[in-house]
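In structure tokens below, several structures.
Shared chain: subunit A. Partners: subunit B in the first complex, subunit C in the second.
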Partner chain A sequence: MTTTESAPAAAPRTFIGKASNYLEERSGISVAVKEFGRKVFPDHWSFMLGEVALYSFVVLVLSGTFLTLFFQPSMAEVEYHGSYAPLSGMHMSAAYASTLHISFEVRGGLLMRQVHHWAALMFVAAAGLHMLRIFFTGAFRKPRELNWVVGFTLFVLGMAAGFTGYSLPDDLLSGNGLRIIDGVLKAIPIVGTWLSFLMFGGEFPGSVIISRLYMAHIMLIPALIIAMIGLHLLMVVLHKHTQYPGPGRTNNNVVGYPLLPVYAGKAGGFFFIVFGVLVAIGSLVTINPIWAYGPYDPSPVSAGTQPDWYIGPVDGALRLVPPHIESVIFGWTFSWNILIPSLIFGIVLISVAIYPFVEAWVTGDRREHHVLDRPRNAPTRTAIGAALMTAYSVMWAAASGDLMATHFHVDVFLVTHVLQVLLFVGPVVAYFITKRICLGLQKKDREIVLHGIESGEIVRLASGEYVEVHKPIDEYERWRLVDFTSYAPIERTHPNADGKITFGSRMRAALSRWFYEDRISPVKPSELTSGHEQPESLPDN
Partner chain B sequence: MTNSDQRSDEDAIDVQGGYSSGIAVIDPEDSFTDPGIEPHRPRKTDLFPEAEKRSARTVVAWMVLSAIGAVAAIVAYVVFPIDGHDISTVRPNNLFLGLGIALSLLALGIGAVHWARQLMVDEETIDIRHPQRGSEEAQAGALEVLDAANKESGFGRRTLIRRSLIGAAVLTPLPGIVMLRDLAPLATQGGDPAELLRHTMWTAGTRLTRDPDGTPIKASDVQIGSAVHVIPEGLTNETEDWLNKKAKAVVLVVRLEEEDLIEAEEKKSWSYHGIVAYSKICTHVGCPVALVEQHTHHLLCPCHQSTFDVADGAKVIFGPANRALPQLPIAVDDEGYLVAQSDFHEPVGPSFPERAL
Partner chain C sequence: MKRTAKKTGRRSPLASVALLGIGLLFTGGAYVVVSQTANATSASASASASTASDLVDEGQKLFSANCATCHGTSLEGTGSGPSLVGVGAAAVSFQVGTGRMPMANQGAQAPAKAVQFTDEQISALAAYVAANGGGPEIPDESLLQGNGDAAHGAELFRTNCAMCHNVSGAGGALTEGKYAPALNTVTPQHIYEAMVTGPQNMPVFSDTNLTSTDKQDIITYLLYVRENASPGGIDLGNLGPVAEGLFLWIFGLGIIVAFTVWLASKSN
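Up next, the complex of A and B:
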């Protein structure tokens, strides 16, 4: 796009010139183009995960809009006379009948349903992986803590959007999902029954839940998601993108390709690739064949019921509880068998949300951080991440405990018991293994900086000794291996002005020891020159 | 890039603005210096005009392919219509329409990315960051604005106005919250929630009928080891709120050898010749407990694997459920059909706070 001077004297002649002049005189858009047109974006494959989530959301809005043109969010009972013969003459809700209509009578309707469902799975998956990338590279550090919280909110909203949409067709499988929600709501102490009645408009399942979920699914939650995405991206612009450590990459700059044209070309093209992949999957792979489940009826249920993947950990947590934990206190029933797993899942989520603030408090580092950490260079953080992932994965696996039992011909009770143990042991084991791996990798990095890379060449010295030649690395490679911040634990807590050692400072010292006791610092120039095997040519700086 | 573009550690103070580095170990005396951005490595397309031309042709080819995909999708829409009487016509419509659209999107995307990667200038450029906090002037300016606003409005000075404003602002949204009350019907219209959950459609003399066809069940027809899915007589989709009623009333009838049954003293009269009836709604979160293991007499909930022993009062032997499935006392009427002696003696389904009150 060409921007023209707004001086009336130089009247543009070409069509594009005239059009941009028209726009310019009514918006002053040139300011924005000049400011943002060459904005620099660093390049790395892991930066595309957030893009995948964003583009999946666009696909969701497009395919979802198509679906609303045909879907009837009503639980009014109808007798089915559509083209799917096995259900002919059955009584069902208008919602279920219209979903069958979309699937079997609207050309491209089934395609849009499947694209929509796959895009939803992709959205939550990409958002989750994006969060992991942010976590393991320390991209949540100042000034991005608030954006981490916004992103976390988006992940939770994504799960809510997914669940409300999943329930809309009013089929047997999703109806059982709502039945579980009803049971979970009723477990909330004191007010549970009322919450369930408010949600379902009376007793389960009632006749209003589909239209209520529809409102949440197509208006309330998407509006919140769009607002949050806006805030998320606005903060990305304000902060400028983080970058991986490397030569020339500092906390004071951002190195990469300009928005116009390279980044626009790549990111714009990538949108169509994501869209194309989702449509290809939607045309090739069946998902959620609601006609096979039948309309909702509180009586039947099929074996091996599975929620969509992102609800799995919640469902799995419910399955891992041992029997008989419920108590009656002053006449009120407390269903710990539901409250405790909800609490555990909640604790995992909350600890994810507040992690940046905890780490900032432990390090006391108030500086801005724009250069990412390689995960190995923050061993304790990486280990904590691995532990949380393990806890999440065990709960997730538990949601498929029955399928594991039938597929691998083992006892379902045994699978459950193993997972119960793993839920507590797994994260601890994952923590220590990950931390050791990180420290090992850091040692290897030091080794490479100090001694170079093993070349595989064996030479015999005059004395008869055989040695392997180590090739020194160049200064760019070396910089990649030494440019990271290392933290040292607080060895002694000092009294404050009142002469007291506060609980907070003790706590902080203890945490700092936990985080940084095992620590490997980057190689210093003095170590290179002090008697270690000397790389042959030290590039001068 | 020249070295003057690079920032060294001393410049870092600019962005770091004198903030505490906490427990970070910083030793500017003994650390490596950033060598600066690596020299640009030219691509094939930068070096050889033929390679550049080939890349340009590749991009054009992708665009042409994309256009073909779009046209193909429209053609597929027309030539693979869905025949309302032949369900198999949905498959080619879905497949070819989808593949056409996917081709059109993918080729466009791949072409654009190829263009950006191979033909656009790939010299890295640098933006300089600024500290996230605004400059001193900007902050002073903002303070001035807020100060002026405060002075001109008297917000800080007029405490009574301010407090009454806050009070009003807190109360104003309340009607909106109160109005949500009618999300659930009033007790006068629908009954007290906890009370509703205590009762089902079953009454003394209600016949047990098969789900879903509603035919009554002769006690003599129930084979040992068999399980029958049961609804109360008269429950059809014509019944008012039939799903709500069905969600509480579904029952599973099982017949065991009489000597296999372990029955509590007060419940001995609730079964009939080894035939027992239990609520099918799981006491955990309410899924139908629909899987019957015949030789072990176990009922398994497919949702969360709670397992109940029918031979022993349907008590929980595994899984997250806390309570046994409620038992429906049954008998036979004059014609030999199974009937209920009464409603359940406790609420069916998942626990709720008022359950034991």
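Up next, the complex of A and C:
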């Protein structure tokens, strides 16, 4: 490495030197190595969650390639004569039979299947956790709004990849899942039945859906995911990485270590850790035991039929909606009990996707942000996030209402009714509690900056008074606590050129008040020097 | 007629009561033997018949003392319990043999609990109930060995049982607090009896619906699932994607996040 950099004139003598020189003379790669190798990344555990998703994807590609060698995406009927006795002689699709073959006869097949499925759950989970980190630290703000949308698309693509893959073995469980999708399609007013027939090539389940899903699962969706990952990472490089507030960290720098050699080593090692954990789980814990579910047959439905976790909220929303909401308009049936849950889930997804733009519009904040917010320093955003998470979690929990009923010995109807109420009350409660907690934490930060940390030392003054000694914090710690901006709401709505105040600007002002009204400003230098007095201007949350 | 609770270890205050009970049992047993030998001299051929009628008498006493409050003194049923005319010996063997009866309290459904009677007492109760209206009998041992066709049993199970009991027999929720219990610890005899008698909320699967061979096949499948551990490793209770998702979020992602914290920690 050093040979190419230190003495370009002298001919390299080591093998690595010669190889690098050979490459350099033919590709000019050193420009890229210089650019990327010196890319600085800040250190924080929460910055590695996206990496987990990326590595899970690599594991998915590797294990998935193995599976395609043996899987037959066909719904042709075959008779099973493999080694799993309780299915011997059963009629089933070639897809199901080949999945059994992979599980029981192909060497390492079951391990690969389980690693693939666990990695899929991990991919979406890590992506979700990564999104939460981005949201709560405000990393989606300018200039990263578009990358948020790309990341959101990746999350949705991950769900799509997961669902199409889950359906491929053509087992009873996934067949029931497909039946629900079929029902949702058919609920679309007017065109629903046609769409369903288009997708399944006739009446459900037909004989083409597996090969169609296979095409989507191994070609279309992975290609899109790879393209989106490329775009996502390219934008990370372009924008540079964000960092948490801290001494010496400003909007114009990145404090951390260079990619080469520190992060290349860390990230490379981390890949093998993620791979290792997934293989360990895949070798120890059963996932999707399709042999227990049996081949798909539209008549039986098993108790405890649920989708994989990332589809859970959709299933839960369908379980929460009251039954029999349906109307017939001009001869067309509108199944509101299916349309409303689908719409609610769609609204949750879309509001996640457009959130950065909404926040920028409401707050009027057009500046670039490279230093992250601590969640407490953006109380309204954090509270909105908590409310959305609560709504999502309630729908998610509803998907396992029957299991909660059997395992906690309660009535399944009670579980459903409690969750129905929670779906609407929970987010509101979560919003206010979170906001109050954030403001309380901010007040505490202020208190610490102004008065220091309680030392527990009690001193008796000459006058007889007892006081507790507060130890002032050091300037590094103080930086972390005061390095944020407290925004005021847009005070007045300004008339436009015609002298009118438009409805839009009025609404924006109202929203801005809602967003920024309750705020606690960071300690100013003047307050620090003025001594240990509580300033009069401190807003009472 | 409650059975004295089993005690191990130290002598309990009930020991003297137990001793008294054993003494009474011995005396009673000796009396039965003596009286039977006395009867045997008169009609040895009808010995079994007389034992059976003794069993019915014994059953009637047990029934009057333990069951009649809810099921009526002559099995006709009351407001708090259904009629038992025609439920058969199989129903008694299942309900009492799994501890569901006598019921601890009125609820959505009687849960399985510690068995309250000895096998002899259960047989006596079953004989009494069977003698008053007949009904499904206790299945023949040959049907309970798990030597039928597991594949056929699995197919029947998926079609007839899985919608409540889950495809792996892990159990499931029903309406209004009722539930289909997990089947992984139920004895083959009780599984068979449940199918022929339809206890609690379960439908009856008569021999015209599922033949005795079909039932034998279903038992064979359930025993296969019970005796063969999941080929994939830890089965997470056979609860499907919910258990898998929970495992992934708590353990999978938990381990990974622990690693990220370790990798990003400073070396001071």
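Just so it is clear, the second predicted complex is superposed on the first by the 521 of 541 C-alpha atoms of A that agree within 3 Å, B and C clash if a C-alpha of one lies under 4 Å from a C-alpha of the other, contacts with A are read in each partner's own complex, and residues count from 1 in each chain.
Keep this in mind: a residue touches a chain if its C-beta (ideal position, glycine included) is under 8 Å from a C-beta of that chain, and two chains touch if they have at least 3 such contacts.
All values derive from a computational prediction rather than experimental measurement.
Visitor: With both complexes superposed on chain A, which partner does A:76 reach: first (subunit B), second (subunit C), both or neither?
Guide: In the superposition, A:76 touches no partner, neither subunit B nor subunit C.
Visitor: Identify the partner contact of A:49: answer first if only subunit B is touched, second if only subunit C is, both if each is, neither if none is.
Guide: Only subunit C; A:49 stays clear of subunit B.
Visitor: Looking at A:143 after the superposition, I want to know if it touches subunit B, subunit C, both of them or none. Which is it: first, second, both, neither?
Guide: Touch status of A:143: first partner only.
Visitor: Looking at A:103 after the superposition, I want to know if it touches subunit B, subunit C, both of them or none. Which is it: first, second, both, neither?
Guide: both
Visitor: By the touch definition at the top of the document, which applies to A:172: first (subunit B), second (subunit C), both, or neither?
Guide: Only subunit C; A:172 stays clear of subunit B.
Visitor: Answer with first, second, both or neither: which of subunit B and subunit C does A:270 touch in the superposed model?
Guide: A:270 contacts both subunit B and subunit C.
Visitor: Tell me which partner touches more residues of subunit A in the superposed arrangement, subunit B or subunit C.
Guide: Looking at subunit A, the partner in contact with more of its residues is B.
Visitor: Thinking of the overlay built on chain A, is A:156 touched by subunit B (first), by subunit C (second), by both, or by neither?
Guide: A:156 sits against neither subunit B nor subunit C.
Visitor: Please indicate which partner A:507 is in contact with in the superposed arrangement: first for subunit B, second for subunit C, both, or neither.
Guide: In the superposed model, A:507 contacts neither subunit B nor subunit C.
Visitor: Once the shared chain is lined up, is A:257 touching subunit B (first), subunit C (second), both, or neither of them?
Guide: Touch partner of A:257: subunit B, not subunit C.
Visitor: Residues on subunit A in contact with subunit B in one complex and with subunit C in the other?
Guide: 85, 103-104, 110, 114, 266, 269-270, 273-274, 277, 283-284, 297, 299-305, 401-402, 412-413
Visitor: Note which residues of subunit A are touching subunit C in the complex, please.
Guide: Those residues of subunit A that touch subunit C are 43-49, 52, 85-90, 103-104, 110, 114, 118, 121-122, 125-126, 129, 172-173, 266, 269-270, 273-274, 277-278, 281, 283-289, 291-294, 297, 299-309, 312, 399-403, 405-406, 410-414.
Visitor: Name, in rising order, each residue of subunit C that touches subunit A in their complex.
Guide: Spelled out, the residues of subunit C in touch with subunit A are 108, 150-151, 153-155, 158-159, 162-168, 170-177, 179-180, 221, 224-225, 230-236, 238-242, 244-245, 247-249, 251-253, 255-257, 259-261, 263-266.
Visitor: Can you check the complex and tell me which residues of subunit B touch subunit A?
Guide: 1, 5-7, 11-12, 14-16, 19-25, 27, 30-38, 77, 81-82, 84-87, 90, 93-99, 101-117, 120-122, 124-129, 131-132, 180, 183-185, 190, 193-194, 196-197, 211-212, 229, 231, 237, 241, 243-244, 246-248, 250, 280-281, 284-288, 290-291, 302-307, 316-323, 349-357
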